């Protein structure tokens, strides 16, 4: 019922445009624990219907901030304001004397909860001796059955109320798929189920702003789905304002729900859009980028540059080189890339970013992550000179490249590994290598030397192509278009090792599809 | 017949006591050692009022009110203290009540006056039998009926309370106070209510006791009595409705059995104490889910 | 010191060949909780130096088994035997009467710990008021300072002992990189540090068999490294026997340390080699396989069949269909696959598996994960008839396929999506679709209809190829060779959705490179 | 001078008591209410032995031994019970000890004989002043020196114990018993040792008390006394070495101050009780880390 009401209300809100009203407003929050400043000057607003992801390292103060948001912890200084339940509620810290003396309107979980700020706990904190349905039922506000003299004097009225309530609760549990275990005590059901009940309970209490402390923590991947489903539903009604604290490895799963990302670092709050951090958490291959990049570079330092239209460039470099500023190997300025007659790769949809600009130094590994069709291949081909640039400038080691032919560019130090079919299928492996000027051939390829390229498997072809592109003549800049496509792990690490050796005095630019 | 009625009256009184203490121990999850104090407060209030000529209803209502108001002495600390510390606080309250009752005495003043309210160690004697609406409970049978009716009323009230959403809220607060607060529940106020009901009922039982025995002295407020009451609740099983009744019956039957076995009174007292201790240890062993556990055998 | 001693001992053991002695032996263990059989007939051995990974769903009984291994919980029935500390210790359950009465040699954490079985807890359980160094120091066995009358009567001797001990502890902490916080109380340091100290503490207590309960749980990826480093060190000395309980998403990080995998499922223990489960946890793309497979199937049930030479076939099917036994769509028996004149795909190296056999039913999604060069493409082409099978039999819907031409096979219901270049670059998109007999074209492709195939991006080409292969004529078996290569997430889910619709009355076989 | 010596003797006695109780409360994390019982056991043992002609060392050694052995009455339950329940158990032990002392009386037998060991409520009078090696502590000064020396010895022993690995082990067991067991530590045996030391020292303090005052009765074993001892530990701060000394001094000074202010004894008793309660509540407020917290202001 609660949920249904809320959805109804959400429709009303949407039509009246009330959605963007501010729900929470934090100003100059400070909190110190044992001499350590956990929060310093935190400022943030949450609009109604927003889904905020609160992230940060262990001990960065995520839970502290969540506790302040829900009244479980008073900050040392600052103001907290809420506009929920159709009314406003403001607290300033340290609290004025009069508010310390009166028992009403204190900054406490009770006050905030009655005002529509709810929360769930990491360990759910269900009432363990109570059944799941009672866990939800007890959360209902303003039950007349909770007034003892009414309970004694008018038991029939209380029973009627309770009956109605139980019907509502049963419906909520059914919707969550928990109808069968409705009467099981809370400590006998699985973690995932308790997490669902904890959310339902907070909603039943009338939460409009719902703070969730690691809702996915400790769940198996199958269980994550059910909790995620509920979160998604809540996020989509857009009447609930959610603040989700989650651990880094679960963030990819919820990132698409999120409208705002708060990152707590050294006591300060950075407010970002999910797209900004998406690259860090591309869902299916969370570990992929750092992993192979680390194979190449070792301990890495990353600078991420947005290229527009959903693409990003990660400039990955060894930590040892982090402080070295070198003359750039490649400078790209205001470049507009075309494929055929269409301009691709940030083609004017984003006015502010008409062309793209970036640079790479020696030892840099640039990784372009872009969706299909963005023009990754076209960009690499433009740099290599296969396609000509219509606008913008390109410089290699400080010398302009514009107008130079691909052969010239190859000679001045640019090598390109194309995504597919960069080798001539009619040649044998040995001839291909010879043609590319590869002097030293690794064992695995040498074994294939006498076979024709067309008889190779996809992975073998790719390895050959890499060898031809990178092990032939020396280069200053390697352009690699999806070099790992179709390769197994062993081949990937082989390529990474070789790339790593080359990066000593060259830069590499790798294009991969974005997988967020 | 008279013996049966006597037992019935005692059973009624201690059922009320155990039932009310269970509200604190079982439903709030707090072990209290001062219940005999509230029992005594009720009996003294009744004794003084009935000696001043008031009827059973008025006098016991006075007892209940005093117990209810003084329940703040434990319910306010219960906002803050749990476990060990609450137990100590309740012990302090118990000692304070017993001290006040023993010392509110002034040799030259009449018992029941403000200077000599409790008559100290001498106690208050000759408390009139209960009378209401012109009717007087002179016979054992009518006394037993009164006691049974009162106990029935108290059980009904307790039943309605613990089965109501209020009772559920109490149990939720016991399970997880912080989570209850996070749901906007008036946790402290609810505890206050629970203690008020519990202490009020103890006082009512005390009134009944005073009216039945006709004489009270500070020994009714003793710690031993509190321990006996606590044992009833723990033996019967906390946090449910029938447990305290069973507990009260068991512990009342015990000395009667000893008496039937012709064991001398002095030895019986020690034996009883040891038996209570053993019983408690056994119970805790068999019910490892702890004192406030809901499920019990 | 402890550690150093152990390493010394390890060298001795290795030379004497004592390494493979059994350390732990579990027989017919049973444990019931509240009527639910958590463990039924668990049997397992652990050899000295083994690293066992204990996995299973939430509530599968991982912690129960760990508690039994460490004496924290007595099983209902069965025997537990240890051969550690140079002596043997055996317990059988239910315990015989005499052992219940005597206080010595009981099955308790104390007894087991003194016998060299140590453990760490998920929440570390350090002594929070004690400093890190005291947390380790207190674990030392046989301290004379812990005998009260010696402490009073001979304080100087106690002080001397304590001084030596603190030197040792300081060295241990230094080695763990915790030298600076050695005197901080345990509740003021980060989780990762407490996890390290918990391990050091168990070792200091003389643990030879070390049970670790989720050692990586709750750690940031930076912290995981330090704990992992210590685990790796322990695993490499090979004198310690480790039993590690870990959550699924952390398993990839430790899988390379592990020598044996125990999977608890419905109360039974399955003992596997890490290689067997590696496919499930291919490190860079932990979530990928289940993820897209789930997009296709929903709630999945998986049977994994090894195909030899590192390849596996996952038969993924919807849970709803789990109990339906249908006539197989595809039956493969003793198939030997050739590329050119070389036989690939389990080419005789593995004698027992001379050819490969498997079958797929309607609704099944078969996923072949194999390393590069294994012959995935060749296998699919053999089934599609592009290459002929030299040995073995192939049946489609019960009818033998051997000898039939690719065209016949296409007509009888096999469609093949080749890994690359399956479309004719000179055609336009519209013509390609027309040629493949695709009647209904999705919006995204329709927009590209008039462009030539060669002008498409890699991802667009792949989508077109998929549409041509699968949306044209109806089929009973779809063979997809790396269909997701180079696609972004949106395209993958689009393809999955369409594949899912087809799976109602067809089977699909997908080949992907293995990434473990 | 005599008054100063008197205060010094009392301070010595209660420093020993508080210091020893701190071993249980602060280092084992268990609140015990039966310390006065062991104190009384020590004094009775001393009284009986010294009236039988034994010297201070022998008589007090007897007291210590009895206390040490009887410590099993609390240390065995401590294997199993914590918090609330241990508190109740210790209360039961306290009541049992007080009961036994009050009731081990037989009108016609001499005090100190097996039939009339404690002389019940009449107590044992005329306990000789301590004497050892032919020397007799007749003057207040020599008594004070003896008390101080004994206290010094106890403090030295306690100091050595709590600073030793044994003390560290106790604290670790208090922090996390299961983890300690997982490291192979003899958790139960260590608790036994701690209680034995604690009760033995309490008995020694009782011996000193009996030898100084010269008369003992069951009131020394009263619950009030146990509460006073507990307050000393809690007020001073648990789990460290200097806390109990400070607590003992504070709570001993309080009645002396009241006496200097010429407040009547009866009112003073109540005032004291209330003050203890207030002090406790304040302390708990200011030290939210709980009773067994190590760090304190």
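Remarks
As written, the chain order gives the labels A, B, C and D, with residue 1 at the start of each chain.
One rule holds for everything that comes next: a contact is a pair of C-beta atoms (placed from the backbone, for glycine too) under 8 Å apart; a residue touches a chain by one contact, two chains touch by 3 or more.
Since we're looking at a predicted model, the values are computed, not measured.
Chains touching both subunit B and subunit D: none. With centres set at the average Cα position, the gap from subunit A to subunit C is 25 Å. Taking the mean of the C-alpha atoms as each chain's centre, subunit B and subunit C sit 61 Å apart.
Subunit A and subunit D have Cα centroids lying 62 Å from one another.
Among the residues of subunit B, none is in touch with two or more other chains.
Taken as a graph of touching chains, this assembly forms a single closed ring in which every chain touches exactly two others. Residues of subunit B touching subunit D in their complex: 31, 33, 77, 80-81, 83-85, 87-89, 91-92, 95-96, 99, 103, 223-224, 227, 230, 266, 269-270, 273-274, 276-277, 280-281, 284-285, 291.
Of all the residues in subunit C, the ones that touch subunit D in their complex are 70, 72, 108-110, 113-114, 118-119, 121, 125-130, 134-135, 137-139, 141, 143, 145-148, 151-152, 155, 158, 161-162, 201-202, 205-206.
Per the touch definition, subunit A reaches subunit C in the complex via residues 34, 57-59, 188, 190-192, 217-223, 247-249, 282-288, 291-292, 339-340, 371-373, 375-377, 419-421, 451, 455, 457-460, 463, 482, 485-491, 513-516.
Looking at the complex, you find that subunit B touches subunit A at residues 157, 160-161, 164-169, 171-172, 175-176, 178-187, 190, 193, 197, 239, 293-295.
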